[in-house]
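For reference, the structures are reproduced in the following blocks.
Consider the two complexes below, in which chain A is the common component and chain B and chain C are the respective partners.
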Partner chain A sequence: MRITVKYFGQISEITQKEEEVLEIYETSIAQLLDRIYSKYEKLKNKEFKIAQNRELVDMNTEINGSEIALLPPFAGG
Partner chain B sequence: MNDKKPKNVFKSGPISFEFIGDSIYKHQTKTSIGAHNIFLGQVRADNIDGKTVSAIEYTAYEDMANQKFHEIRESAFEKFNLTCMHIYHSLGTVKAGEICLFVFVSSPRRKVVFEALEYIVEAIKANVPVFGKEIFEDNSHQWKVNS
Partner chain C sequence: MERYNRHIILPEIGQTGQDKISNSKVLVIGAGGLGCPILQYLAAAGVGFLGIIDFDTVDLTNLQRQVLYGNSSLGKNKALAAKSRLSDLNSDINIIAYPEPLTYQNALDLFKQYDIVVDGSDNFATRYLVNDAAVITNKPLVFGAIYKFEGQISVFNYKHGPTYRCLFPNPPEAHSVPNCSDIGVLGVLPGIVGSMQANEVLKIILGIGDVLSGKLLCYNALNAQITSLKFKKHEKGVAQILNTSNSFRKKQLDLDCDVTSNRISFKDVIFDHNIQLIDVREEDEQPKMLDYPITNIPLSRLESHLSKLEPNKKHILFCQSGVRSQMAVNRLKELQINSCFSLEEGASELNQYLKENLKIIENER
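Let's turn to the complex of A and B:
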């Protein structure tokens, strides 16, 4: 399955990109995150939330959306 | 209300005082309103380890953020007897002293607008994916976190 992973704020400083398309076999968010960590090791020290198709999800969530986003702490307002 | 599509809440750069004044002025025709309440978020020149914040550069996960703003709007209309509500948030660079968030609620009665405004502003701070890069005077930066 092909998904788009989006990176924001300080997360995108580490990945050096705002998004990328990944061909994945992983079925859960946790598994996908392992793969992302192996690519960008420094992310392990960062705090972030994960959204799937623009809704926050937890680690055990199954991947069924086409857009996953890594969201660092919010700073609106 | 639920069939309404999310509006675009974002404005490029600071929110001007002309825009804020004009928004208030436009409500003169809505004479069922007896009380307005306004929140203005202003960029603070925080001093951190001897360095002063000169601006915040805002970015957002815009699609999700507009959806969240929409949900906050809908739930505020459900909870409170509001006549109208407007929310604007900046994207891009906003200098210290300039306005980055404008929330405007109106109702026939005052008590409602006090409660509603606090509810909306807190929900924005907690739930909307907006990110802020605090730029110091020496051009170094750090990432803002809502407390």
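Let's turn to the complex of A and C:
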């Protein structure tokens, strides 16, 4: 299955891209995240939330959408 | 009412709507990059009571984006300098300046005097304080935050809707997210984000359009993309904020964020009988752990297996990479179970470490 992963803020600085298309065999968000972490080691120390098809989900959610987004908090003002 | 003619001739606003604006009381936290455009548009729109709280003073690096100030404001308190500029912009409204920091001690009494709170602060400690105070005093909170070329906008606690903690339950660790003063920000970005916040304020006052509740709007100034992400209310989390309302005034604002790290490396663990190792992976996951006392509590069943947590022990949770164990620790902390840590390393590294150090570990036990 192909899925688009979008990165925001500091996350996109670590991945050096705002989005990418991944061919995945993982079935849950947690498993997909394991894979993303192995690709981008530095993400491990970052705080972020995950959205599937533009809706925040938790780690146990099954992947059934076409777009995943990694969303960090911003504090600036 | 000539001043507000362009509002009044809009059928969606009219004289009735303009009266609602004149009777509204809005408190703006911070008169910096976000606060300036928020204040400017709300004052121009005729918000009847406009509160400004900021302890900071204007410096030269602020003028690149904080558009209420000029050379003559340098060195002056921002709340007072903003008030003086806004009084000239609109002398028909009441502007109240609080040249002091927002704290756990003054927040509740201040919020109670207003209908809507707008967050234009620049650090996580204040943002969580503002969120919790808005929940306790039951005020809608118009949120905006920026990072380099990107902004986030939402409305929290609107008609008992989701809050900031429903989005990000706990403050990130100190210094993990740099601030504008350390990394820079495109000057026009807070102008755009602050204007969007002012727009949400006016929609709430007027009761028109769809208020940005339960949605986080993410704006990217470089590619002009807007992404709207939905999120739900976390009832337990909100109830917990309300439960702390009695002790709220006793808390201290720690601008470094008062979170102690809950991540730990096995190198820093003494494997004695005071610790409980907990595997939060699902049962069929590989590798299986060595012959060493380990409790299995899959993350998916965490809340129904709390009795497996041995009292008076330090709970060390692990999974394949450290993601789910961190999730589990966050969830346990929400349940007020604090003696838990997420292992930085994954199951296979832990297995290897236990194998290599089993003899030493046996002695520690």
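Quick note on the criterion: the second predicted complex is superposed on the first by the 73 of 77 C-alpha atoms of A that agree within 3 Å, B and C clash if a C-alpha of one lies under 4 Å from a C-alpha of the other, contacts with A are read in each partner's own complex, and residues count from 1 in each chain.
As a convention for this text, a contact is a pair of C-beta atoms (placed from the backbone, for glycine too) under 8 Å apart; a residue touches a chain by one contact, two chains touch by 3 or more.
Computed from a prediction, not measured in an experiment: that's the story for all the values here.
J.: Does chain B (first) or chain C (second) touch A:Y40, or do both, or does neither?
T.: neither
J.: Touch check for A:M59: first (chain B), second (chain C), both, or neither?
T.: Touch status of A:M59: second partner only.
J.: Looking at the overlay, what does A:A51 touch: chain B (first), chain C (second), both, or neither?
T.: A:A51 sits against chain B and chain C alike.
J.: A:L71 contacts which: chain B (first), chain C (second), both, neither?
T.: Both chain B and chain C are touched by A:L71.
J.: Quick check for you: in the superposed arrangement, does A:Q10 touch first (chain B), second (chain C), both or neither?
T.: Once the two structures are laid over each other on A, A:Q10 reaches both partners.
J.: Applying the document's definition of touching, compare chain B and chain C: which contacts more of chain A?
T.: Touching more residues of chain A than the other partner does is C.
J.: In the superposed arrangement, what residues of chain A touch both chain B and chain C?
T.: Shared contact residues on chain A (touching chain B in one complex, chain C in the other): 6, 8-10, 51, 54-55, 69, 71-77.
J.: In their complex, what parts of chain C are in touch with chain A?
T.: Going through chain C, the ones touching chain A are 30, 32-35, 119-124, 127, 144-148, 150-152, 167-168, 172-173, 176-180, 185, 190, 216, 218, 220, 223, 227-232, 299-300, 319-324, 327, 344.
J.: For a test of understanding, state which residues of chain A touch chain C in their complex under the given definition.
T.: Listed in rising order, the residues are 6, 8-10, 18, 30, 33-34, 37-38, 44-47, 49, 51, 54-56, 58-60, 69, 71-77.
J.: Can you list the chain A residues touching chain B in their complex?
T.: Within the complex, chain A contacts chain B at residues 6, 8-10, 51, 54-55, 69, 71-77.
J.: Spell out the residues on chain B that touch chain A in their complex, using ranges where they run on.
T.: The contact residues of chain B facing chain A are 41, 56, 58-61, 63-65, 67, 89, 100-101, 121, 124-133, 143-146.
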